Every structure is written in C-alpha cells, then in structure tokens.
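Chains here go by letter, A, B, C, D, E and F, matching the order in which they are written, and residues are numbered from 1 within each.
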Amino acid sequence: MLTFLTRRERFNAAHRMYRQDLTEEENLKMFGKCANPNYHGHNYDLFVTVKGEVNPERPYIIDLKELKVIINDLVIEKLDHKNLNLDVDFMADKMASTELLCVEIFKLLQGPLEAYEGVFLHSVRLAETENNSAECFG
Amino acid sequence: MLTFLTRRERFNAAHRMYRQDLTEEENLKMFGKCANPNYHGHNYDLFVTVKGEVNPERPYIIDLKELKVIINDLVIEKLDHKNLNLDVDFMADKMASTELLCVEIFKLLQGPLEAYEGVFLHSVRLAETENNSAECFG
Amino acid sequence: MLTFLTRRERFNAAHRMYRQDLTEEENLKMFGKCANPNYHGHNYDLFVTVKGEVNPERPYIIDLKELKVIINDLVIEKLDHKNLNLDVDFMADKMASTELLCVEIFKLLQGPLEAYEGVFLHSVRLAETENNSAECFG
Amino acid sequence: MLTFLTRRERFNAAHRMYRQDLTEEENLKMFGKCANPNYHGHNYDLFVTVKGEVNPERPYIIDLKELKVIINDLVIEKLDHKNLNLDVDFMADKMASTELLCVEIFKLLQGPLEAYEGVFLHSVRLAETENNSAECFG
Amino acid sequence: MLTFLTRRERFNAAHRMYRQDLTEEENLKMFGKCANPNYHGHNYDLFVTVKGEVNPERPYIIDLKELKVIINDLVIEKLDHKNLNLDVDFMADKMASTELLCVEIFKLLQGPLEAYEGVFLHSVRLAETENNSAECFG
Amino acid sequence: MLTFLTRRERFNAAHRMYRQDLTEEENLKMFGKCANPNYHGHNYDLFVTVKGEVNPERPYIIDLKELKVIINDLVIEKLDHKNLNLDVDFMADKMASTELLCVEIFKLLQGPLEAYEGVFLHSVRLAETENNSAECFG
C-alpha cells in the first residue's frame, strides 16, 4: 500500500523581503515592515514527506535515521542560524520568500532521497510562523 | 513550480446543532449536548490555502497582507464573536455544522481570491476543536 | 519532597461580557464585540494543580483516575456545551469573565480535593484562547 | 460539495523495532536505540479522515459521536496502554513501524465506516512524535 | 481573591550573540553558530502576567483591550520585524540574550501597567523557540 | 534582576504502574490499564528551569549549550528509548510514576547545575501526556 512518511526538522534564520531593482523606499512601500534593512527572523518548521510502498516484507519507507541525516546535511546545515539573503548560496539571487525557499529545498532533497529504491519525495512544507506556510509537491 | 500558501486566521463563535423540523426533545436526542438551546461555542482555526506558480520572477503567490485583509473582511468580520445560528446571513437557513460552514467560507473566498492573476483557491480547512476539523477543495 | 501534579481538562462554552446595570449600548461601548447579545464562545482549557509530598512509599499525590472524575463531575459536567451566562448556577449573578470563572472553579474543587489526605489544591488555570488565560492560587 | 472530516484520537503504547530473523546484536546495529529489548513507548496521535457530499439537506458527513465510537471500539481499545509487539493481534507477525501500523488501522476502519451511506474513508495519519508521522490513503 | 491574567503577544526579530570586547573569532568560539555575523532570527512568544484582586464587583483585573494596546505600543512595535542588535534603543549596549530582553520588557511595562488601580505586573516570560524561554518577576 | 531560564528536552520511554507487594490482579484493579504487564509508553517532555541574576555584565544565567549537554548526559541518555521499570538504575526500586521520576531528575541535576557560579536549579517539570504533568521545586 502506498504510504507517506513525514519528518519535521527546524531551523532559525534571518531574512528580509526586498527586490534589488527597487529603492529602499519602494521596497518599504511594497513589503512594509518585512523589508526592514537590518532584517528580522523566524523559527522555521520544515516538513519533508516521502512516499513508497510498505508491506510486511518492507515495513518502512526509508530508514528514519538516514532521512534525518540527509535533511540535516543538505538543508538544515545550510539554513540554520543563517541569513537567508546573505549566507545561502542557492538563495543568492532570489527573494527570500517562504514559497521560493520551499521550492529550493524540494530541489535539494529530491535527488538524494529518490536515490533510495522505491522512495519518492512527495512534498515539502515550510512554516514561517504559526500562521503562514508554503508547500510544494513533486 | 506549482506552490501552495496557507494562511491561518481565527475566530470565536457560539452555535448549537439542531434541525428546525424537529422538536427540542428530538434535537437533544439526535445531537446530545451539542443541541443545548442556550448555545455553546468554540475557538475556530481557519486555514485558507491558495496555489499558483512561483519562480524567481514571481517569488510569491499573493501578497500576504492582501490575503490577510480579504480573509478578515469577507469571513472573520462576519463570524468572530458571533452566533453562527443567529448572526450570520449566509448560515441563516443551514445547520451550523463545521462541514457546511467550511463549504460556505470556501464559496465566499473563491471569487475575490481568484480575481488575482494566477491565484487559485485550493482548499479551506476549519478546525472546531483540537480533535475535529472539516476541509473542502476547489 | 513537595511535588505538584497538573491535570488538563477541556470544555466548550458560550458566553458574553455585559453588566446588568448598563444598557446594551453602554455594554457594547465598554466590551466591544465581546458584548454581542447573541453570545460567542470558546474552547476552554482548564489546568488543575494539586500538591503533596511524594516518596517511595507514597509514589503519587492522588490517583489520577479519581482526580479526573472529580474535575469532570464537579466542573466539566456543569460547563461543557453550556452558556456561562444562562446555564451555570454558580455564575448566575456574576460576569462571565475568565478571572471570575477561574476563581469559582477553584472554590468548587478545593473541598473535595483536600478531603484526600495530604492533598492540597495549589492552583487553577483557565485558558480562554491561545492568547488569554487566568490563574488563581490557594 | 465533496467535504472531508477529520477526527483525532490518541493512545499510549510501548513498542520496539526489531526483525525476528536477526540476532539482538544485528537488530541493535540496524535500529539503534529503537531496538531496546525492554521496549520504549510513545503518545500516538491518530487522525482519521472521512469524506462525503454535504449540502443543506445533508449537513454533515457522519455523526461525530458514532465516528468516535467506531474509532475507539475498533482501534483505540486494542492499542491504548498496550505493547504493539506483544498485545496486538493484527500486528503479531509484523514490525511495529509507524507505517505498517497506519496501514493496519486503515484496513480496520474502512469497512465499518464505509457501511454508512455516502461515507468514504479518505486517509489515516498516525503521528508517533511531534517530528515523525505516517499517512495512507484509500 | 488574588488572580492572575496572562496575555500572549508575538514578534519576529533578528539577532546575534556577541560581545563587543571580543574578536569575531572569539565570539564564534564562545557562542557558536549563534554568533553568525549576518544574524539569524526567531519567532518570539511574549507572555505578560498581571495580578490583582477580583470579585463580583471587580470582575476582571484590567481591560484586556487596554492591556493588548499597552503591550503592543510599548513592546511589540519596537521589536517586531526588527534587528535586536541594531534597531532597538533599549538593547543598544546589551547582549541580545533572551534573559536580558525579558528583563528590559519587564521594565518597559511595569510603570504603565501599574498606573492602573490595583494592577501589578507579576511576570514576563519570553520564549525564543519551543525549547528555550526566560522569565522574570516583579 | 533574578531571572529564570527554561530548557525543554524530550525522551520516549516505556513503563507500567504496579506495586511489587501486590498480585497482578490487585495491580490491575488498582491501576487499571496503566498496569498492563507488557508495558505501555509515552513521549515525555522535560522542562528544566534554572535561575540566577542577570545584568549587562552577566547577560545570561548559564551557557545554553552547556545546559543542554548536562541535561542530555545526566538524564536523557539514561531515559530515552528505555523501560523505566527495567532499564533505569535510579528508578529500580520505585514506582515509575511521573511524580517520582520528576523528583529523581531534580536530584540528578541539582549538583551539577549548581556547580556553576550563581546558578540555582529552580524547578523540574515532566509532562507525560498533553493532559498530565508533574513538577517539583528546589
């Protein structure tokens, strides 16, 4: 039976919302306090969902310890206690929106996770606050 | 990449479960303490999910401040600190079940949100307690 | 060693804020949307904390099953799926504020819980929403 | 409109991860501390989602009290305060992984819930900790 | 009866841990990733507890709407979407630790809240993550 | 100003409630399903609160990384993925109640934490489920 496994990991990061083609004044007008030039930050909750068949001979989709290591090595290590606008190579030329960050995390994880036989990356969900979250699917 | 954005808003409301074609006694038999004639109430959590393409040129699906304003003006304003059986026009002739309320909220939001280019209302989820929630999709 | 045990129970109730010596207009001015004449409601979280000595010969303060039964019989049964302004005898002549309700719950529980040898009611905390709560102590 | 209703129930259980065809040493190497021969345990959160059409004439998918009774009688009663490896008939010859347990719960619930007219079991989600959960669909 | 009322408010901020009398290298050694020169950030949860007598003639300690306005005007406005090291006057010459920030928030709120008759500021609790929080008392 | 710092850590463990001087039948009568001979289990949340003076020259009570290491080495390592009745030396001759476990954790941590200058162990709180928790103080 096709089954889904979700692992939550967390990271804390600074960011700001701004477009490089706009002046500071225009950015503040467009993004309000989210454009503060000295940054603000969040506790991000990341939910990674893989899917695969399980049955008595294959009782789990992927070794949870390995899933944890992959997420930490490829994602958390690069984002935790970092500035999303300045410190993260794969976000260098992009707005640090929850949506785009979520998409980039999906891209980072898909190859390494799908290298496991019968494992597919189903979705990545990224919650910025208890009120706002983004999600993307394979 | 098709991406989903979820915004949570909250409201507190009173309601009761009952059918107008039944006597009070029959309502109490059918709905138990949920039919209390003097009402009870809940802290409702509302989760609105929109979807759309994001990419470096379109880094977010919809302006979060505008999403927040639309949900508050069209839904929260009409439900917060209200009686769902007595004070809410679009529930006037319906049972105040979580399912029906969820469907009505979906209908209220779909037009105004899909007036934004490339934005689609994906789902509305309404949690009545930590144990019970309803959800509907477009 | 003096030790504390906390049990959470929950109830859902309707209420409104108003003073009988004021007009509806004055109540609405003073309490805003909380004075809605048709009521609103909440999911209340109730935390009851008892204290007592524990040691290897007395390994727990009170039997948790009995604590649960007392809270449910004396408090939850009277409040769950009720209207705090209309249905609850011990709130009949009082404002249905979180503070006063918390104090009344403390009074209801103290005698029956302290009838157990070596058990003292330490505190009652009542959360009306994730943002607002009241607490009182013995 | 097709609508979904989710009910959460909870149970506390002991389990260990191990394969009967491996030695204790091999199990400890493969599953680490999860293979502790004396077991460990979890507070499990179970989310059961049914779906069906709702409209003003059919204002809810299924009576919530009946849904609660079915989940408790068929699942919670068999798992709560039990050892998943030793006490649960339908897990007797299977690894006590979150994925397999989730699949078995789905199988237990599908028939009895779909005996209700217009009710379909959509999904079962089982959370073992705040970080790990499994889900399966019909 | 002396009763306590707690209000939660939230803010999102960037910060870093460092001492101005140390080199960057020494700061990184002392504070690890928390000293990242480009900052990281958190979703802070702030819990403000006031106390006072309540009785049927004085049914609540302080008007909740006014409490909310005071916390927002004096604290949240200065911290939300800000950099605690660069943007906040009362933290200018101090380490941006949770403990010191908590103490400063207490000082900001005590006078204005205790200007209300019979109201005392009991405690301020500040949670930086789900795992770490500081608290101070009057 | 005297300030308090709380760190949460978690562990998953199996246990059962029983008294060695009673028969299995008497234990089942006294403790109900909590006495299941094959054990059940919980996700425990542990909250350790230290206190001390903070001021601009002493901006935090204790290095959070060291606090984390002490709690993990002295407590979590001994309890996580263990059976509280069989695997834990300091619980060997005691009932595995939340209250007694909480007291024992306090004793384990007090000396090592108070070896830090100006640091006092204020309290240990141990939550067994979202509904039940114990706490003890210095």
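Everything that follows uses one rule, which is that a residue touches a chain if its C-beta (ideal position, glycine included) is under 8 Å from a C-beta of that chain, and two chains touch if they have at least 3 such contacts.
Not measured: the values here are computed from a predicted model.
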item	value
Chain labels contacting chain B and also chain E	A, C
Mutual neighbours - chains that touch chain D and chain F alike	none
A-B or B-C, whichever has more C-beta pairs in contact	B-C
Centre-to-centre distance between chain C and chain A (centres being mean Cα positions), rounded to whole Å	41
Whole-Å gap between the CA centroids of chain A and chain E	29
Multi-partner residues of chain D (each touching 2 or more other chains)	130
All touching chain pairs, where touch follows the definition stated at the start	A-B, A-D, A-E, B-C, B-D, C-E, C-F, D-F, E-F
Contact set on chain F toward chain E in their complex	1-9, 54, 56, 59-61, 64-65
Residue numbers on chain B that touch chain C, as the complex places them	10, 12-15, 33-34, 36, 38-43, 80-83, 86-87, 129-130
Interface residues, chain B side, partner chain D - complex	32, 93-95, 97-100, 102-103, 106, 130-137
